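Just below sit the structures, each encoded as structure tokens.
First chain A sits with chain B, and in the next complex the same chain sits with chain C.
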Partner chain A sequence: MTADRGPVSAAEDGEARFSTWTGKTRGWALRRLPPDKLLPEGQPSYVSSWIYVFGMGAVAAFVYILGSGAVLALNGPTWFHVSGLGRFINSTHLWSVELFFMFMVIHLWGKFWMAAWRGGRALTWITGMLAFVVSIVTAFTGYLLQTNFDSQWIAFQAKDALNAVGVGAWFNVADLGQILMWHITLLPLAVAVVVALHVVLVRMHGVVPPLEAATSDAQLRSAAPIPAVDGEDMK
Partner chain B sequence: MLGIKQADAGMPDTGIYFQWGDFLIQFGNLVVIATMVVLFILALVIPFPHGKTRK
Partner chain C sequence: MTKAPVSVSWRARNDIASRPWPGTTREYDLFKELAVGLVVVALLVLGLSAVFSSPDEPTVTLKSWALTDPADFVATATTELGGTSGTAGYGPPYNSTPDATQKLGPIDLQSLSGVRLPIDTANDFVIGPLQTLPTPPGAIDEWTKASDTQRASWTMAYGDALSKAPDNDPAKVPPGDYGPVPALAGALLAMAQQGTLDPVLSARGSFYNTDYKASILFLGDGGYFHGLADAQHLTGDQWGMMNETGNYPGQSWLWLFSALYQVEPFKSSPNADVLVVLSMVILTLLLTLVPFIPGLRSLPRRIPVHRLIWRDYYKRR
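Moving on, here comes the complex of A and B:
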């Protein structure tokens, strides 16, 4: 640690260089995801297709799921059985989940048939699949919280499968309190984090061009070049 | 039995099922899958409205 050294010193090319870990982190983040890529003003012309709207449609449905889920959680797991408003909110919570999965599956089909993992987008593809899997687990815990004979039937069918793989003692589908906590805290947080990472990766690498596009990636080529060595500024 | 209807007791409806050989599917699930396929095809063929000029 040197007291006489400023946090920022001029580099040879005139670009601000950083010496502290916070500054280095900022420099790395700004180079990988500059503000014009994080919040772009426009998109490439090939994005003008309905097949590109389903990802954001899924995100919109997810936002409503979180809002309606918060109302349901704050009123308790049996409120929607005795309240007209509760029944309405519970119904829209279910239907927004239906839309979330339908949009996500159509998004998956579209991206699969355009081989969207091209151009260094493997991690984007992986986080998308992870979001799908975690969402299925979250929806499963939601079905367990219906507090009716349907949820009881689902729980007692699922417990055999979970016991068979050895996780039944820690993930007990017959324990309403435990499943409620999984459904309203950990799992929504996990979905939100994975979806946020997925969207950030889309911003970093740009929307994947169609297979027949002549250019490999117009958005990346028009952006500032990324240094060959990612950790260059960490030296 | 106790004067409680199936729906009042929260019993799930048995639903409508279609079966072709070993393939069995509930009507609601079939509707969801068919809707997704239709939306996917429409998204490919319906032209996207052009609002602002894009680069």
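Moving on, here comes the complex of A and C:
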């Protein structure tokens, strides 16, 4: 009887079966991303290049962008003009952004030359690109918030591209209040969500193997034979 | 025997790229990597901040403009009155000037919003602010009672006279039929030089305001603002979009956006902005969707940078 059965039961193969929405969601998440895949202690032997540190470097820089940005937000956009500490925090915000973009661009091009979208990783690539694009918009709104000559000039210049495509009427680059809200709430949240999704996808699919990896490779020799791939999609 | 080309497909199949790695592994501590990354990036950020600080070029104000370059200020105020300034002829979202919008063939995206942020340059930049003075100049009456034709005639005559005067100095303009225009422009100059125009133009009759478009558009209609930007290598033809004041790195990630403005057909097109934005949207989509684009997705196979990235793996094959 259903009433006598708990929300979790075991099937013949021993795998847990869930009957509630919550349990089913947990089951799906555990199947897609079991703990040892989410937080592994090892990586394939080919994960051995400096190129692999730049993704993590971008995440580290993002942490400092959020931290320095939070201090600037708490004190208001004009604080750094009149405070030595404010100027220093503003400097850390600027340089962490510069490093963030430098790391992200190196990471992006590294992944391009690795054709890292292979083997069902297209969404990982797309979320990475999305993170890059949303970060560009976020940085742009930050430049508009400097409340100095640079932000005045950027507001004057940038309006033309936005107005030309019909966006400027709603995304008014000269409206400090509007841009402030975009910069300190919506856009950082968007970057954080997309980056988190990207990282989860990387963990789900694992790091893409070398382009020319073959079953005859010394590092794969102990593995079970893998059927030869067909010739489609070789373009 | 011909070796089959390496697959660069995005599809998950029963191949090495799609299956969990069955080969040898190495210890790799993600959290340790993150911790080391945080320390290294912190040192870099703190070091760069301590050594280079950050740029902070003070704002230009209407007061500083009026005091430093009064001739340019008066000439600009005259164009605002006459409706011949850049803002007056801009089109949506500021006004409905005919044939002012940028178009993509028959597509006019700029007009879609309509006049959502209305700016009437004569009233918003000149007459309105002057009316907030304790004693508004009497010239306002003469201006408001005149016909559009008369106003256009006065401002055109005064604008011409200013451009021909030595140093464009309003004091050296010969007598002419300028109506109330010299008095209005002169009164606005005095107001700006006293520092009372800045808050009036920003607040626009309210106590609270965060929208600085009126001040920025007025500044942008003059030559002084552009001169300052030019000196800071910020103008479009100086790749200014990716530059920063002083010798600091700016938004270098906008290099391609900025580069398109430097080349034909964008450079001389009256629709440059819409063409550049569209091109950037297409290029960004191409890069985003590269896994699905035959040919483009094969570039990593044809140009084997991956041999360098995975040289250790390939060495031990």
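Following the convention adopted for this analysis, the second predicted complex is superposed on the first by the 209 of 235 C-alpha atoms of A that agree within 3 Å, B and C clash if a C-alpha of one lies under 4 Å from a C-alpha of the other, contacts with A are read in each partner's own complex, and residues count from 1 in each chain.
The working rule: a residue touches a chain if its C-beta (ideal position, glycine included) is under 8 Å from a C-beta of that chain, and two chains touch if they have at least 3 such contacts.
None of the values given here were measured: they were computed from a predicted structure.
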item: Contacts of A:W153 with chain B and chain C, given as first, second, both or neither; value: both
item: Touched partner set for A:A60, first chain B, second chain C, both or neither; value: second
item: Which of chain B and chain C A:V193 touches, first, second, both or neither; value: neither
item: Chain B versus chain C as contact partner of A:I51, first or second or both or neither; value: both
item: Partner chain in contact with A:S96 - chain B first, chain C second, else both or neither; value: second
item: First (chain B), second (chain C), both or neither touched by A:I106; value: first
item: Touching partner for A:G177 - first (chain B), second (chain C), both, neither; value: second
item: Larger contact residue set on chain A - chain B or chain C; value: C
item: Chain B and chain C footprints on chain A, overlapping residues; value: 42-45, 47-49, 51, 53, 98, 105, 110, 146, 148-150, 153
item: Touch list for chain A against partner chain C, complex; value: 39-49, 51, 53, 56-57, 59-61, 63-64, 80-81, 87-88, 90-96, 98-99, 101, 105, 110, 112-115, 117-122, 125-126, 129-130, 133, 136, 139-140, 143, 146-150, 152-153, 155-157, 159-161, 163-166, 168-170, 172, 174-178, 180, 206, 208-224, 226-229, 231-235
item: Sites on chain B touched by chain A in the complex; value: 9-12, 32, 35-36, 39-40, 42-44, 46, 48, 50, 52, 54-55
item: Chain A-touching residues of chain C, taken from the complex the two chains share; value: 4-31, 33-34, 37-38, 40-42, 44-46, 48-50, 52-60, 90, 92-93, 101-102, 109-114, 116-117, 210-213, 216-217, 219-220, 225, 228-229, 232, 234, 236, 240-241, 244-245, 248-254, 271, 273-274, 276-278, 284, 287-292, 294-295, 297-301, 303-306, 309-314, 316-317
item: Chain B partner contacts - residues on chain A that touch it in the complex; value: 42-45, 47-51, 53-54, 98, 102, 105-106, 109-110, 146, 148-150, 153
